[in-house]
Structure formats: C-alpha cells, structure tokens
Amino acid sequence: EETIKVGMMSPNTGPFAVIGEDVRNGFQLYVDEIGGMAAGAKLEVIFEDTQAKPDVGLTKIKKLVESDGVNFVGGIVSSSVAYALRDYMVEKNVPLVVSVASADGLTQQLAAPNIFRTNSSGSQASHPFGKWLFEQGYKRVVMIAPGYAMGFEQTGGIARTFTEAGGEVIQSLYPPLGTADYAPFLTSLKIDEADAVVAVFAGSEAIKFVKQFEEYGLKGTIPLVGTSLLTDDLILGQQGDSALGIVTASHYSSALDTPGNAAFVKAYREKYDRSPTLYSEGSYVTAKAIHMAIEALGGDLSDPAKVNEALAAVSFDSPRGPFKFDGYNSPVHDIYAFEVKRKDGELVNEPIERFEAVSQFYTWSPEDYMAMKPYRDIANDWAK
Amino acid sequence: MAFYTIQILNGLSLAMLLFLIASGLSVIFGLMRIINLAHGSFYLLGGYFGLSVLNQTGNFWLAILVAAAIVAAIGMVLQRVLLERVHGNELGQVLMSFGVLLVISDLALWFWGGLPQTLDRPDFLDGALRFAGLFFPKYRVALIVCGFAVALAIWLIIERTRIGAVIRAGVDDAEMVRAIGFDIKMVFLLVFGAGAALAGAAGVLGGAMLGIYPGADFEVVLQAFAVVVIGGLGSLRGAFVGSLLIGFSDTIGKALLPEFAMFTIFVPMVAMLVIRPEGLFGRA
Amino acid sequence: MKPSLVAGALAVAAFAAAAALGGLLSSYSTGLLIDCLIFSVLALGLNLLLGQTGLPSLGHAAYFGVGAYTAGLVMLHVSDSFWWGAAAAIATSMAVGAAYGLLALRTSGVYFLIITLALGQITFAIAFSWRSLTGGDDGLRGIGRPDLGLPGLNVDTTAGYYLLALTAAAAALLLMRLIVRSPFGEALRGIHQNSDRMAALGYNVWLYKFLAFVISAGFAGWAGVIFVYYKGFISPEAVGIVVSAEVTLMVIVGGAGTLIGPFLGAFLVVFMSHVVSGYTDRWLTVLGLLYICVMLFAPKGIVTLVGDAWRARRSA
Amino acid sequence: MSAQAVDVDNVVMQFGGLRAVDGVSLRVGVGERRVLLGPNGAGKTTLFNMIGGQLQPTSGAVRLFGQDVSRQNPYRRAHDGLARTFQITSLFPDMTVGENLHLAVRALSASRFGMIRPASQYPRIAERVADVLAEWRFPAGADTLVSNLSYGDQRKLELAMAVANRPRILLLDEPTSGLSATETESVVGLIKGLPEDVTVIVVEHDMDVAFAVADLFTILHNGRLVTTGTAAEVQANEDIQRIYFGEGE
Amino acid sequence: MAQPIVSVDDVHTYYGDSYILQGVSLDVRPGELVAVLGRNGVGKSTLASTIMGFNPPRRGAIRFEGKALTRATPEARSRAGIALVPQGRRTFRSLSVAETLEIARHLRRFDGQGLSWTVDAVYDAFPRLAERRDNRAGTLSGGEQQMLAVGRALVGNPRLVILDEPTEGLSPLLVKELFGVLEMVKAQGSTILLVEQRLKFALALADRVVILNKGKVVYTATPAELQADEDVRHRYLGV
C-alpha cells in the first residue's frame, strides 16, 4: 500500500504554542474525516515544532523534505519562519501550503508555483474593511498596532482604502512587539480628534490591549475597530465584556453562517472541546486543499509541476464558504466585518457585513498592486 | 499638564509592578547572591495558581495567599534539593535554574494550556478613578500603594530582625557564620522561601494587570534582574529606585518618543551602568 | 614518537573521520552537524570571555548577528566572494565588539552581565527596526551560497558546505587553542582569578579584557558568516536574547574554560532541540532536566568531569 | 639631579569622613632600606596602596625616580620597576605555584601579549621561574595548587612573586606575618640579600625583623608621619614608645 | 585532675587525598590555656578547624564537656560553647563592625562565671573598634580586622576559644592589649586553645604547650620545660 507523507510545521512551544495546537487540530480533524486515506493511499502526517524560530524552522523542514521525504508541507504560523523557508522550498519544489503566516510578500513579489496560502494575506481583509469604515461614517481615525510586518500590513490595508475613500489617519502608533504595558500609548492616543481607534494586536497583547482600553475609560468613549486577531475566537473568552462591541474584519469566525461551518464547528467541538478559530479552520482548509489535489491527480505525485498545478486548481466549499486560489496561490474568499456580541451567554464574533470574493489584490490588478510600495515599508507615513 | 500627570502615574504603576516582581529577587539575588533564573517561574506559577484558586473561590486575597504559600514551598524544595548543590558556583546556578525555568514553563504550558489568561480583580478595584478630568484605573492605584507597602515591610523586617546582616555575612563567609552559631542553611532556605513567596504574590498581582501567559516567566526574570542590578546588588533601596527609573524611563520614553519604543528600557540601562558601574546604591 | 606528534596525528585523524562522516550521513543529519558546528564556534568565542577571563557576556548573539548581517549584505549588494564577506563580517563584528567593549568593561560581574544583555537587546532592536538595511522582522533573505574561489570546492550541496563548516570550526579551534595556551591566554586566566594582583604585577588588565572582548566578538562574527551562508537568510531572532542565553548554556554544560566543552555543549543542545523535539512535545522538559542533571553530577561541566575522572584514574 | 627612588609629597587619602593618610611626605633614596612602623590602622597599607597605584591620592603626589606617577595605573608603575606584596595574601588560588610564578615573571617581559607560541615555550621565563623556585623551595612542590598550600607557604609565595622580577623598588607589607621562626629568618636573609641598589620599604610589626633589615624607621600615627629616625632614635623617643609599644604611660 | 573540657582523641583529618592530621590526641582542661606550636604547614590550623567542625576527621573522636561532638555541625558546636578566631581573620567583608558584633552575640548568652562579654565590653577592650563601629569590615586595616575577629568570638561568651595566630599583623601595642584580653578571658574561667608563632607571647600565657609536627603531636610540656629544652625548640620551632 502506498503512503503519501505530509509534513506539518507549527510552534509547539513558546508564546505561539496555543496557535500551533489549533493548527495541528484543524489538520488532524480533516485527516480523520477522510479516514487517513487519499486517492487510495495512506496519508501519513508528520508534525514538527518550529519553535517559532526561523532557523529552527529551516532545519526542521529540511528534515521533513530530505529525511522523511514528504510530498507536501503545511502549517507555518510565523511570517519570519515562512520567509526563511521560502527559498529552500522553491529550490526543492515541494508544495508548501501555509496555513496561518500572513506576510503579503509570500504570495506577491515572492510568489512561486509551489508556495500556497490558505488564510488571508496580511492586508486582504483590511482593504474592504477600510472603505467600509469610511462608509460607516468614520472620517478620522487613529491607528495602533505592533511595530512589525503584521501590524504594518494589516493597518496599512485599512489606511489605504480608508484614505482613498476620503478619510484621514491622524495618528499612528506602533508599540514594539512584547510591550508589557500599553498605558503610555493609550494615554497618548489623540482620541479627542478621532472618530474611531483602529487597533491590530494578537494573542496576549490583544487581551492586554482590549482590557487596558477599557481600564483607561476609552471603551464607550470611542469605537474600537481592527482586524480579527484583536478579538479572535481563541482569546475572546479571556477578554470578556471588555471586548463587547469591537468590530473587526476577517474571512472566518466560528459564528459564520455558511453551509459548511455548522458541521465543522460541531465536529471540532466534539473532538477538541473548544471552538475552532481561524487558525484551525485555515489548517483544516490546508488539509482539504492538499487532499483535493491528490485526488485530482489520482494519487500520482511523481511530477512536481503537475502537483503544483493540481493544487492551484482546487476549489471547494469550506467552512468559511467557497474557496479557491488566485493566480498567485493566495485565496479568493469572502471577507466579513464581525462585531463582538454576547449570544446564549457566550461571546461571539457575529458577522455584520459580507464582502464577496475578495482577493489579496482587492480591486487592483496584480501588477498595479505590486508596483506600489509594500505596506511594511510605509508604516508611519499614513498619519499626516 | 494632564498628559504628564497621567504618564507619571503610568510610570509609577509600572515601576511598582516591577518592584513587586523584583523585591523577591533583590532578597535572593541581591543579598544571597544566588542567581535564580527560575524567579520568573515563581511569578508564572504564582499567577497560574492564583488563577486556579480564583476560579474555584472567586476570592482574590485568598488567591494571593495560596499562590504565595505554594510557590514558597516549591521554592524551598528547589533550593534544598537543587540550588544548594551549586552553592558558590555562579555559572552552575545559571544553568541549573535555567533548567528549572524550562521544566516549569513547559509543565505549566502542559497543565494550564497556552492560552493567555487574565485574573479577575476584586470588584472594588475594577473601574477607574476620576479626578480633575483625569481617568486612572483603580487597580493601578492599589498596585502603587501595594508596592510602597511591600518596600516598607521588607525594609523593616531586614532592619528589625538583623536577618539581613546574617544573610550578608553568610554570603561573605558561610563557614564563619556557622561558627558563630547560625544554621546558615536554614536561614538561606527561609529567605529563599520568602523571596519565592513575594514572586508568587507578584504573579497574582501582575497577572491581574497584564495577564498570565507562556513566556511571561522569561520576560519577567529579565526585567527583575535588570532592576536589581541597576539598583545595586544587596540594596533594597536600589531595587526600589531602580524600579522607578526603569518604570519612568520606559513609560515616559514611550509616550514622548513612540518611534523609539524599542529602546526606552535598554538605552537608559546602558547609560546608567556606564555612569554608575556598580549600580545606583551598589557597594561592589 | 613525541606526545605532541601523537596528539597531532590524532587530531588529523579525527578531522578526517569527521569529514568522512559528511559523505556517509543523510543530508539532513549532515545539515544538523553544520548547525552544531556553527554554534560550537559561537560558544568557543564566548568561552574566551566567560570561561577564560570570567566575564559573563549575555549578549553574544549581537556579534554573531552583526557578522551574519554583514556577510549577508555583502552577498546581496557587493560580492559573492566568501573571503570578502567573511573579512567584512569579522571586521564589523570586532568593531562593534570594540565599541561595546568600551562601554561594558566599565563594569564587572553581574553588572557586566546585565550591560552586555542590554547592549545585545539594543542590537536586536536595531536589527528589528532598521528595515531599509536589515529587512526588519522579515529579515534578509535570498542570500546565496558564496564563491570560495577554490576550484573543485562546491559548497552548494549540504555535504560540500559541511566540509567548509568543519574546516571553519577546526580553524577556529586551532586558533583558540593557540590563544588559550599563549601568554595572553594565561594572563586572562590570571585576571579571572585575581585581577588586582595582575595589575600590581604589571599587566594592563583593562587592555587584556578589551582584547579578549574584541577577539571573542570576532569568533562570533565568524560563526555568523558560516551561519548566514548556510541558511541563506538572517532575521532578528538570531540576534536576540534567546540565542545569547542558549550559547551561554552551551558553554556551561560543556565546561566553561575548556576547549572542547563549547563543542560538546553545542552538539548536545542542538541535538536536544532538533531531534528530541521530533519525538515528544515535552522536549523542553527533557532539555531542562538535562541541564539540571549536568549541574548535579558535573557542576563544572561535562568535559571537566570527564577530565577529572581521567586524571583520577591515571594517578590511581 | 639625583632623584629619590620614592618621593611621596604631602599625600592625603580620604575615605568618606576618615582621613586614613593625612598629609604624609616621605623620601626614600635609591638602595635605601626603610621600615614603616605604626599602630594598626595608622595608614601604612593605605600609603603603600598609593605608592603602588591601587589607590589614587585625594591630593598630593607620588614620584618614582623623579617621575610623577600619581595618576598612573598600577601596571605602569610595575613597569617602572615597582613590585609589592599584599598584607592580605593575594595570589591565584586555582593555579599551581609554578604558574603563579610564571605570571609574575612574564609580567614585564615583551612576550606578555604573545598569542601564538604556547606560554610554556619561553625558555628564558621558564629558567627564571626555576631559579626562583630553587631559591625559595616550596616543600609541597611547584605543581601544588596554591589553594592547597599552608598559610605560611602562601605568604612565602606572595613574597617570591614580588621579587621574581628583580624590582628596583620593593614594597613589602608585613612580609613575615604568619611565618614561623625558621621561615621568618629566611625571609630576613632574602631581604638582606637583595642587590644593593634595590630600594625596599617594609611594613613590619616584628621589631626583630625591623631592626635586622633597615637602618631608618618612619613612624606613622593616625595617618600622619610622626618622625623618621635610626633604631636608636626610635627607641629613645618617648612618644613612639607610647603610641607604638605601649610603654611608659 | 579535672575532667577535660575538650578532648581530641586520635584524630585523623584529610583534605581530599592529603593526609594532614595523623592521629592527634590532646586534652584541654577547664580554665587552662594550651598553646599549640609548630612550623608552617604542620597542621595547626587544620586541628583548629577540625575542632570547630569545618572538616570533620575521618577517624577519631572529639568530645566537648563530656559529649561526643565528632559529627556535630559547626553551628551546634558554637552553640555548645566553642568559638574560633580563624587564621587570616575571615571577617564578614560587607558587614560593619557593629553589625558583626551584633549578629555574633545574637544567639547565646551564658550565665557564665564572672564577667560576660557584651558588645560594649569588646569596644572597651579594643577602643579602635569603637571608632570604626560603622565601617565595613572589608575596609578595616589588617590589625583592626584581627581585633574584630577576636571580638566576634568573645561576644558569644564561649567556654572554649580557639585562637589561630591571633597576633599576626598586630602592632606591639596591640599585642600587649590582646595579651591583657586573653588574661582577662582566662580569669573569667574560659578555656583557650592558642595556636601561635610568637613564642614569647605563647609561653607567657600558656599553662601547657603542645608541639605539632607533620600532623602529629611530638611534644607536650609546660612552658618552663620547653624554655629549658633547647634541642626541642631548635628541632621543631627553629629557635
């Protein structure tokens, strides 16, 4: 009996461990759903810990490719890890399906036939959201986000469409990653002059930020909006009522009402006793994309070019809705605006608006888009 | 004006949190010269144990007490079983306590999961104080008061019981301290336990302000060491002033020069050490 | 035969055996060995400060990172020559080492530890935030394998690069051996034990410490060169406190103040974090327990323990 | 001009509220043997520390062979020919006796910054170490770790390291304290056997030793120089008898 | 004769592999002052630290006031009434004079015979220490540290004081003072074991002298007998 091997890379230790767990769970759930078989072959999944360190990630992926001889690699949470692996994977021409890392460049300037991504790219959800914010009546905003690529890209996307629509960014603050206390930043925000605060944080920082936002009396004074990491399903419970009313944008929340989602949420909860998140869903979709490609090829993975083509061509219904790749192997999917609400006693990210079939290039052509300066190099230039 | 008032209060609250974390270390490291990187683990464990107690009972004060007690016990076992064996071997202490830090953080991840957790504060400390058009969280006010109280208490204990002198003597020449009749091992053990208890309590207090999550141990231990060293080894006053300095330089720096936020702790730290190579109140 | 000849022959044999290993092992295992060698060189350099001179630097990743970034930038913007890259990298590392040394050597003991830590974090912050030069948190990528200018030597393959790394590490070891056994090295040991007396005897203690600092930074830069050409990228993580702390632990585990200790420590720690983590999620617990056990049974490091046992047997 | 070997000019050393040395001037000619006497805490070691460079005077100047060295580091003064011992033994405890002497002998040689040739392969230095070892005889052997030496032998090594480099000025801070009678005698012999042009200043509480090695005596008290004189003068001076020997009150 | 206050019985002590005390036996009776003499490196300090409990003997027994102490910890011995003035002073560098005396007197108070030592009594005996009260021991002059080490031992009001070369580094004046102090201690009924290089000093105080050579007791006598025996003096003490 033939075996097809898939490597899964995620951080199992350190601050990102909990995301890594979601990534493994989502993948495993799908593999279990198909009985561990693809096109008649046994699907073997090998998990490796990237430790969220680029050079460790590179060593691990070398093990997967050279020592274990995997046919696909999925996973990857940190963008810096993804960047570190990219050249090696392109050289080896083994398909890499990134489930979480959102760095824009991976599927834009650095796009390659064997590099795929299943979650939104950094600014993908921000583009429609920025325009929408303006349409909601916000004219002037202040932005705050962690001072690294993720923060720059997610705020950048909002800032671009928001300002193009006629809005104004009056201040942008980028506290360094790992900031213990947001008090000095919160108390420096020019909220008197703004209609809303745009914030992008993740994990423990998001919890801290949202709590401190309330502590300093800002909640209720000025709306807080952002991208989904700020209140994702993983941390929402910890944020408690402080998060109520926050509006964010993303392609997924467990509260989505799509045909595929209810069953997915149910299965996931049964198996792992908690709600799925955009991390586990992204990884679930990774598994499904890989599976679909194997099926399309009838299990024959001998020609790398064909494998890449098969992957690029997959399209299916996923928990988030219809899923397919664009010409640069990044997903085209619906984006939502969510609002944190309490439903049946639980906090959920309730969809309040849908933007259909959004690609990473939004309304631009890929060429025009990539000719613009990347968001991560604009950072502080939005506020005038 | 209001801007500066609030930043000063911010700085003060961060400083007092730092001091609460560093006070235990100031005793263990400053006085006894035991390099215990697992101090961060004590903080982490304190936070998690406090969380568990809080989830069971809802009593914040009980959480502090229980966390301090459990962590003190763990600390004493660690000292007796492990750290004592590398007495006087600084590099050995670094490695051994780092090993302990790894084990504890990994087991904590296993047991409590990787999700960042927050500790609920007592109701009367929720919300904010309003004065002169300013808005400042009550919990932070309590933290500031608490920091000053702990500083005073430790200072009094050391002065009153002369235990400080015995400990310092023990660091200079443990054998001779035994020769004047002190069971130096017991003294060290108790002091270590007290330092651990302080860290455990700080875990609950800090957890309620910043949350408790994997990796907090490492962050905390670095800051605590920095504070104690900048203040000058063996000087509680130093640790206190060191906390204030770092708290203020960090807060004010970030408020005034947000673009240089990554440098607001370390650049002042280097500057201080270059100007005062033995810390603010250090006596070598 | 003279003992030194025997030792020399043994060393050559060991090198040959190690070189042959590269051909026998799988490319993944060979790659792991390269990782080990890189960190060995870094640890070896740190050991000159930590073990030899008694200066506990906790910011050594800074010089490693400066070396790696410099070599990477040379490759991306200037030349693909290994020698140019290496020379520039080592020189820059040593220059940064000299600048930091001037500041750090005002202090001693734990104060030194903290100031080097702070300087390391400043370097990290620079690498992280100077996006136009360093690529920020994304790092520098797309760095190719260098041209050694030596016909017949192909470092594009893992096995070929392994030979380069092995030679680089052997060269570092030999150089360090010379330094440690030289009058200079002996003086560093003296300073470690009693710097006041050294000064009274006529040694310029500060200058020795400073030179040791700069040389040690040079070794770190050399390690950074081998690192960056092998990985093809460099990002701020490599400059941060985690790497600095790891290297320090490697030195202590192996045995501070010994020549082989840093190698042993590096191999052990790299092995643990790559291989054991493939078997259990709790590998950090295993690593932590290893540290604890080493200190329980070999408080001066493994090499020292083995050395002592050997001497005891010989004299018995 | 015939410079003094050591010329201390009105030096003051202030420690917080305490003037440990309070305006002392002292001139010791080339080849002279001088003993510093004074009660405990008189400031003798502090004065030595200022001459040796371990402390910088609060005010005043120290000249060696006519050169002002007040702001010079200890190592520079060692190169000017100054060597000293410490009252509280100051050795390299984890090295052997031989290695301690190696460090001492090498301190002034050009090879001290050598980074290539092994330290053991400098014949001239090895020779000198062997000479010193032969002269001083350490019963435990040259390969004994210093931390395993008895206190007396450590004191002896302290001295041997100071003279190993044939200094021109030698400061000895209580060289015989802790030594048994036999060893004390041999140290006295060694001091007396030093070449004539070596200037020696000794702090010594053992009067037998003091009278044996020196011709002139300088008395310090409470940080001040009381007087300088010959053995006879010292013995005849009532003040000195009172403050130092505790007689005649 | 009275029961010995401390009796050392065939004690063998090692440092690692080096065999230092090779069967030393020694009795000291209450109120007696026994001087231990011998050249450098013969094991005098080792004997002192063996009695204090720093390095317990491999073989042999030590009894104090009739109780076996061979395996007791130093702190237990201290509390039983033994104090040590170690060679090389070993004062607590970072403690002030006052702090040192304060912690040293802390635990014990004997309802001793005669006058008991208080911190003030130490200051009276060594006025210099009173002046330096607030200075850290690490900055004291050598002689001052020696006084402090003696004071530290005395404020515990021990029944047995072991002094290891206490006159080392003391000026003649202070040697005299110390002499007076030791006479006073003796007069109070404490017992003293004195290791000394200064023969005159030791002989003037001692009731009995013991000479150690190569880890063995080679001679026991009264001071007068030793004075008379030039051969022994020359052979073992070099005078």
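As written, the chain order gives the labels A, B, C, D and E, with residue 1 at the start of each chain.
Everything below uses one rule, namely that contacts are C-beta pairs under 8 Å (C-beta built on N, C-alpha and C of every residue); 3 or more make two chains touch, one makes a residue touch a chain.
Values in this document were obtained by computation on a predicted structure and should not be read as measured data.
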Shared interface partners, meaning chains that touch subunit D and subunit E: none
Each chain counted as touching subunit A and subunit B at once: C
Label of the chain whose CA centroid is most distant from the centroid of subunit B: D
Chain pair with the higher count of C-beta pairs in contact (B-C, A-C): B-C
Chain at maximum distance from subunit C, centres defined as averaged CA atoms: E
Distance from subunit C to subunit B - Cα centre to Cα centre, in angstrom: 32
Gap in Å, rounded to a whole number, between the CA centres of subunit D and subunit A: 74
Inter-centroid spacing, subunit E versus subunit B (mean Cα positions, whole Å): 44
Touching two or more other chains - residues of subunit A: 13, 147, 176
Subunit D: positions in contact with at least two other chains: none
Pairs of chains in contact (touch as defined earlier), listed by label: A-B, A-C, B-C, B-E, C-D, D-E
Touch list for subunit B against partner subunit C, complex: 35, 82, 85-86, 89-92, 94-96, 98-107, 110, 222, 225-226, 229-230, 233, 262-263, 265-267, 269-270, 273-274, 277-279, 282
Complex interface listing, subunit E residues touching subunit B: 52-54, 73-75, 77-79, 83-84, 86, 90, 92-95, 99-100, 102-104, 106-108, 136, 152-153, 156
Residue ranges of subunit C in contact with subunit B within the complex: 50, 56, 103, 106-108, 110-111, 113-115, 117-119, 121-122, 125, 128-129, 241, 245, 248-249, 252-253, 256, 282, 284-285, 287-292, 294-296, 299-300
Contact set on subunit D toward subunit C in their complex: 52-54, 73-75, 78-79, 83-84, 86, 90-95, 99, 102-104, 106-108, 111-120, 122, 161, 165
Residue numbers on subunit B that touch subunit A, as the complex places them: 3, 6-7, 10-11, 13-14, 17, 106, 109, 113-118, 128, 135-137, 139-140, 209-211, 213-215, 219, 223, 250-252, 254-255, 258-259, 261-262
